[in-house]
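Sharing a structure below in structure tokens format, with a few things to ask.
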Amino acid sequence: MSTPTLSVTNLRTHFFTKEGVAKAVDGVDFDVAPGEILGLVGESGSGKTVTGFSILGLIDPPGRIVEGSSIRLNGEELTKAKPDRLRAIRGAEIAMIFQDPMMTLNPVLRVDTQMIETVQAHLKVSRAEALARSRAALVQVGIASPDERLRAYPHQFSGGMRQRVAIAIALLHKPKLIVADEPTTALDVTIQGQILFEAQRLCRDSGTSMIWVTHDLAVVAGLADRIAVMYAGRIVEIGRTADVIERPMHPYTKGLIGSVPSQNTRGHKLAQIPGMTPSLLKLPAGCSFKSRCPIAVEQCNTMPELVEHRPGHWARCWRAIAA
Amino acid sequence: MLVYIIRRLMQAALVMVVMSALVFAGIFMIGDPVAMMISPDASDIERDAVRASLGLDKPLWLQYLAFVNAAVHGDFGKSFLAGQPAMQLIFERMPATLELVFFSTVIALALGLPMGVYAGLRPKSVGAKTIMTGSILGFSLPNFWVGLMLIMVFAVLLPDLIPGFPRLPASGRGATVNVLGVRLSLFTADGLLHLLLPALTLALYKGALIVRLARATAREVLPMDYVKFARAKGLSENRIVGVHVLKNIMIPIATVNGLEFGQSVAFAVITETVFAWPGMGKLLLDSILLLDRPVVVAYLMIIVVFFVVLNLLVDLLYSVLDPRVRLESRAT
Amino acid sequence: AAQELKIGIKTEPSALDPQFHTLNPNIQVGAYFFDALIAQDAELKTQPALALSWKAVDDTTWEFKLRPNVKFHDGSDFTAEDVVFTYERIPKVPNSPGPYTIYTRSMKSFEIVDPLTLRIHTNGPAPLLPLDVAALPILSKKAMAGPAPEGKTTAELNSGNGLVGTGPFKFVEWQRGSKIVGERNDAYWGPKPYWKTVILRPLSNNTTRVAALLSGDVDMIEDPPTTDLAKLKNDPKITLAKAISNRVIYIALDQHGEPPIGIPDTNGKNPLMDKRVREALSIAIDRKGIDDKIMEGIAVPAGDLLPYPMGGTRKDTPVDPYDPAKAKKLLEEAGYPKGFSITLGAPNGRYINDLKLAQAVASMWTRIGVKTDVDANAPPVFFKNRDSFKYGAYLAGWGASTGELGNALKSLAATPDRVKGMGTTNSGRHSNKEMDAKLEEALVTIDDAKREALLADASKILMAEHGLIAIHFEVSVWALRKGLTYPGRADQSTFAVDVKPAK
Amino acid sequence: MSETSLVAPKPQTPFQRVVSDFCEDKLAVFGLVLVALALFVAIFAPWISPQNPFDIGSLDLLDAKAPPGSVSGDGKLTYWLGTDGQARDMMSAIFYGMRTSLFVGFVSVVAALGIGVVVGLVAAYAGGRTDALLMRIVDIMLSFPAILVALILLSVLGKGIDKVLIALILVQWAYFARAARSAALVERNKEYVEAAACLALPPSRIVFRHMLPNCLPSLIVIATITLARAIALEATLSFLGVGVPVTEPSLGMLISNGFEFLMSGSYWISFFPGIALAIAIVGINLAGDHLRDVLNPRNLR
Amino acid sequence: MTAGGAPILSLRGITKRFTQKVDLAGKIANSLGAKVRETVVQAVSDVDLDIEEGEVVGLVGESGCGKSTLGRIVAGIQPQSAGTMRWRDKDVGAMNGGERKAWQLAVQMIFQDPFASLNPRLRVSEIVGEAPRVHGLIERGVQAKYVAQMLDQVGLDGSYSTRYPHQFSGGQRQRVGIARALAVKPSFIVCDEAVAALDVSIQAQVLNLFMELRQRFGLTYLFISHNLAVVEHLSDRVAIMYLGRLVEIARAEELFARPNHPYTQALLAEVPTLDAARRVYKPIAGELPSPLDPPSGCAFHPRCPHAFARCKIERPALKEVAPGHLGACHLNDG
């Protein structure tokens, strides 16, 4: 593998709230290679979004990236970067796409304003040139009559179009990495298809790396090169898509796969993971999944490490192979 | 748009009819205008004559019908007290009130908006808490008290105590210039000086309101996804606060301020009384106390129209500020 | 600027047409621009003005000799024509809320003997005609010419059109609510005013008015509030001018009969019908204390309806002494040893300290056992209540513009009679036939001395009966910046002509 | 299926949560203390006042305008805060004034809130013509000057605190009606309202049992602000001579009456009531402000 | 599913228009030369659908195509503008008071948003127990017991009844919503995107619950969703909706195996599956047109790869293409 675009090691992002310390992300490691799409999967509250925001340095108080974490973009350490440098990186080298397309664009500013300001935030170019770039970006994501669309306000767009505008904004500076946080969850299947199509084409054509966050394994199954499964602030399994889907090693991953309804499940009970995600405020010692795990053993009271059980296929489970 | 205006005007007409009927009944219930105005030396016969000449001898509903009939033809009656068309009296006074309210709005915005946004950005800071506590005083101190205090302090005490402290005029309107046939004092130094204290009195309340509103909306807008997205785009903090946040804050501020503008115009009564400001609020107050019904009715008519126009402007402004709003759909 | 006088007045006139509204501020400002045939001096005694002399030719005819060589502001001559025009215009003024016909009601016809001699024929004996005439400023017939029946209309006069008189000042402008500006009439027939320009600014709020004076916005104000007098007195930059006024503050007691109004605990008996009770209520009032504590020394305890030496007053009028012990005894004699309850009506903001006065009186009455509840209201409400007899007792004021007792007695104390115009403001409905007779005789007696004697008798009867309780005469106060003097006037008017720099 | 492994959140009622959240802000607690103080004084005025300022028989004009700390003419009483122009002990007057002001403020705001909420909710739920009609009435009320309303009432019904109360209610309910309507319009489109409709619950129940509790928090915050406004408005009416009866002065009236004494040096007649008013209002709003944050539905999640 | 017999619910020509009328002001404006027209959103057009007792019918379509509106009409929350709805062979429009209430309670709805659909200020005991009590199904005294029983049915502990909605997770909230519906003993449940807001793992729990309840109480479902996988998992029959109209109805296996309408085909192509093979997405072109101004003819023609001239002019009718399989496409004629 060539040098990764992004390399995250031991990322720990904690929220210091009045109820206690919420360890939203607690020791996450992964790399993203150039042009690679990494699917980050996990149930609600498992820390996917926080991981994304951590990479962009957008954690608001009371949250903080804890000492000892490391996020490297092409070798540059971001956790130690100055605010100005971070600002320069955001939007230019790392871009982000948010979940809800209805909320990510400022409703009172025209689309051109929101695009031009992004161009000008990182490049000293004239308005006209910024506009030309913006137009080009809209064309790239397949928006028809871009000139007209530029002069419109977000509310005049459908959800799918808005999400495409958001992607266009992310593309303006040809970033090395795009963090897409559930960008299709709020959209229809047909529109989701369009967005997935754009994303795929993009990475293929421009070599941009992407982290695609979702809670729906099915979405990333056909898209991602590799999949990372998160649970309670940690990555519990990571590997090539085919490996993870077809030969999952962590019981949680298995549970997830089993709970996806499909043709084959018709008339049957879906497999379901019992119980709920434990509160991040008081995680039990050891494996945080043990209370819901069908195959938990005594050993699970100590935290397992993320171990490469097969080539390129890592899992954080004592019984990974046994399962 | 046209429909919208027409709908508004129809509602205004309705409100006017009800309002004038209420005023007729109300003044009738308060007392006898003639008893207020005529010389106490006058005999009953002379009083009856005056009543007849002012049309007050007829049954109330006849008086009202006569009024409506005349009003439809554009005649809103003559002031009992001044003998002049009530509308004319009010229009004479209107510029003074408008410029007072306008100036105070400017002051309130200039002071209130930055303070409110600051308090919204740093809600836990000492500065924010001071601002918020101060703003409570701003809208809870009675207007007349603030006005009189300002007069005492800036027109009397400070200049007396500190030699060389500029003495602000305590009352009345300063030199005026004629702008398109309207007398305005906004454009002369003397005029502005006279405006200062009364405008400040009015601005205190408004400013307090703006501070609170700005803070509240800032707190609502800041956690929005689009603010975070703006950060993710790498925009500078200045642009985020100054454009993305501020433009969203301006929507409620503009709406509320527009409506408050109307309220202030309508009820600048107290400030005008305290500062002997020759505006229409003072006219209204005097007219109410002297039961000068035509003026009160005409005044309220004007205010209704004024509110309608203002609402319209506010809605227009609203649709300019907030592109999501289409006027037709907000027709209430 | 030099020779500019700015006066903070309490109330703005409603019109500049001197025949539109019989309102004190109108009358006051009228005197800046116009003269009447007769003027009233500071004590309200008649003085020659545009008329040099006048006399009653017979019971129903008065003859006036007019002052020669008087010019209107527009340079035209003043003649009897102008006077007749003026008087004849009065009934034609439309929509007047306070018509001047109350001053012309006795006038039957006018006779111009020669340009400077005028005779007025009256409906009956009109002893007070000179006083009526004094209330009627003379307009210029020429300047007043216009298409309306009344010549120039009120609206035109308000804008200055036709506002041409013979008075000490010429009209410059009126910005409603803001200021009235006059300029010295250099051709004035009388003593010329010192001031080149005079500006009247309406400042109705007491505190604002004082602040305006203190801050130098104005040179002089009317009626500083009593609470500020002490401070103003000690202020080295301010002088005060005072004059006892023609306004009496009194309490009227309901005497229409039974059941009483607002007295719930006497089993339907009206204690106020009893002279002893009325006396008790009067002597329960500590007029001196009120004068000191509430009026800050600007009131004179009253035992009559006008201060001496105005027409019909007696030099030795006694003021009811403060004697709560005796008051209690009188109540006991009258059969109210435990007193009773009563509501005292009062206006709020019509007379100097009216509300505080009512409260003080209530407190004093309560101390002798008459539990008093003050019902103070905004003036329109007060007047309505008073005129519809809602009060068992009410506090009010009366300023006899004529400066003689006939006016006050007729309005406040005579038995109400709609046709004769008697007792128009007698809402306590006190009635005393003996007094009525004296008064009615006085009202048709031309001879001044005889008339005044009759009035004195009438008022003596009234006061002995305690038909009304007179409390005090207001003392009018003006505050001026140091270096100005003002002699003060009994009618509470502020005339810029009389304001002069101190020598 | 098992739900037992779930970490059960403490069964804390919203009320308990509000209380515990509220107590976190020192300033708000301080505000609450001020309010408690004001309420104490107001409620117990007749028992803790040195003098009954309503009993005009006990006033001796000779003691008028005594500075703070003077002793009364009969030596029985010390006027800690001085006396006013009527020889009323300022401290007693303030206690009673607080009573009147808070009474007028609270009652008028609560009543106005009640009327406004009903009108606003009904307008929002019914929509159409009912809505238009109710809102026009609100418009009329909003443009009707308070002083005119007060004057009409005083002249028709006579003098009294209750009349001032009615005037204040008449003037203020329209604000609440507007606010309640816009809050209800938001609530009306929420799915829980549809759910209630689907359960065939009667409309009155949907409006008052379901929508109302969700509209109230924002209205209560408006109410704390309006309370301050109401007290100020009452003071202004007193200033214009159409306020509470002189014999039952409110703080606003004490301030406005005392104001004329300010220039002559008898500062205490206006100053102390002013301080008292400020304490009450600042207290109410400090507490109210924080209450707003605590009641914010977003914190309910 | 019972063969034969009257369907439990039968819709004929159900249409829903949202109209903004031209009022007096508009008329005046028109007389002044403005062109104010009535705006009509035809959210549901001419829907015919029979649902048998015990059946699960899936309703699928893009956002804004009128699924929720149809669901609300069925649940009696909104009246239709035209068409008739028969409940157990009785015209709903002609029902008397008692029948009406029985129908209203018999048809219940479960909503998409587990946060907005529960009143945040009511305790669970009230949320679930209020309606049965108000409607006299239970006595006040037994409410607590009844609520506990309902909660138990949806797999929640009875002790939760004193809690407020915010103290639950999304899946639990959805269960409370289901308990609320079950509490009035319905026989028909409209699920409007009832699992769309839930995580996959929770979704599975809720879907299982639906299946279980169906078996236990013989419930009939109208299951609205845009998630084809979920619909496929659950439904006996599936109806596809496009811009207010039903374009295809068939038994689930049939539909997924042999989609007739081009829109259905496109939809199926989009469904993400747990298929680790890297897929090449090829989306349907274009966006959903505005219901304010629907295309002429077949509403799908602007996006349809097979569209020809006739599609622009004539609207295809819903015709049987195979036994029990209805489709609305001109291709079926050729």
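Letters A, B, C, D and E mark the chains as written, and numbering starts fresh at 1 in each.
The criterion applied here is as follows: contacts are C-beta pairs under 8 Å (C-beta built on N, C-alpha and C of every residue); 3 or more make two chains touch, one makes a residue touch a chain.
Please read all numbers here as calculations on a predicted model, not as lab measurements.
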* Structure fact -> When each step joins two chains that touch, the fewest steps from chain D to chain E total 1
* **Path length in the contact graph (chain C to chain E, fewest steps)** => 2
* Structure fact -> The pair out of B-E and A-B sharing more C-beta contacts is A-B
* Whole-Å gap between the CA centroids of chain A and chain C -> 89
* Return the distance between the CA-based centres of chain C and chain D, expressed in whole Å. => 44
* Structure fact -> Per the C-alpha centroid definition, the whole-Å distance linking chain B and chain D comes out as 24
* Asked: Quick one: chain B and chain C, Cα centre-to-centre, how many Å?
  -> 37
* To do: Specify, in ascending order, the residues of chain C that touch 2 or more different other chains.
  => 207, 211, 214, 378, 380-381, 384
* Structure fact -> Note: chain E residues in touch with at least two other chains are 169, 205, 208
* For chain B, write out the residues touching at least two other chains, lowest number first. => 30-31, 148, 152, 156, 289
* Partner chain B, residues of chain C touching it in the complex -> 8, 14-15, 17, 20-23, 94-99, 101-102, 105, 154-155, 158, 175-179, 201-205, 207-209, 211-212, 214-217, 378-381, 383-384, 387, 398, 401, 407, 411, 418-421, 424-425
* Asked: In the complex of these two chains, what residues of chain C are touching chain D?
  -> 206-207, 210-211, 214, 225, 227-231, 286, 289-290, 293-294, 348-349, 355-356, 359-360, 362-364, 366-367, 371-378, 380-381, 384-385
* Structure fact -> Interface with chain E, chain B side, in the complex: residues 2-4, 6-7, 10, 328
* **Residues on chain B engaged by chain A in the complex (per definition of touch)** => 224-226, 228-236, 239, 243-244, 247-248, 251, 321-324
* Structure fact -> Within the complex, chain D is touched by chain B residues 11, 14-15, 18-19, 22-23, 26, 29-31, 129, 132-133, 136-137, 139-145, 148, 152, 156, 212, 263, 266-267, 269-270, 284-285, 288-289, 296, 300, 303-304, 307, 332
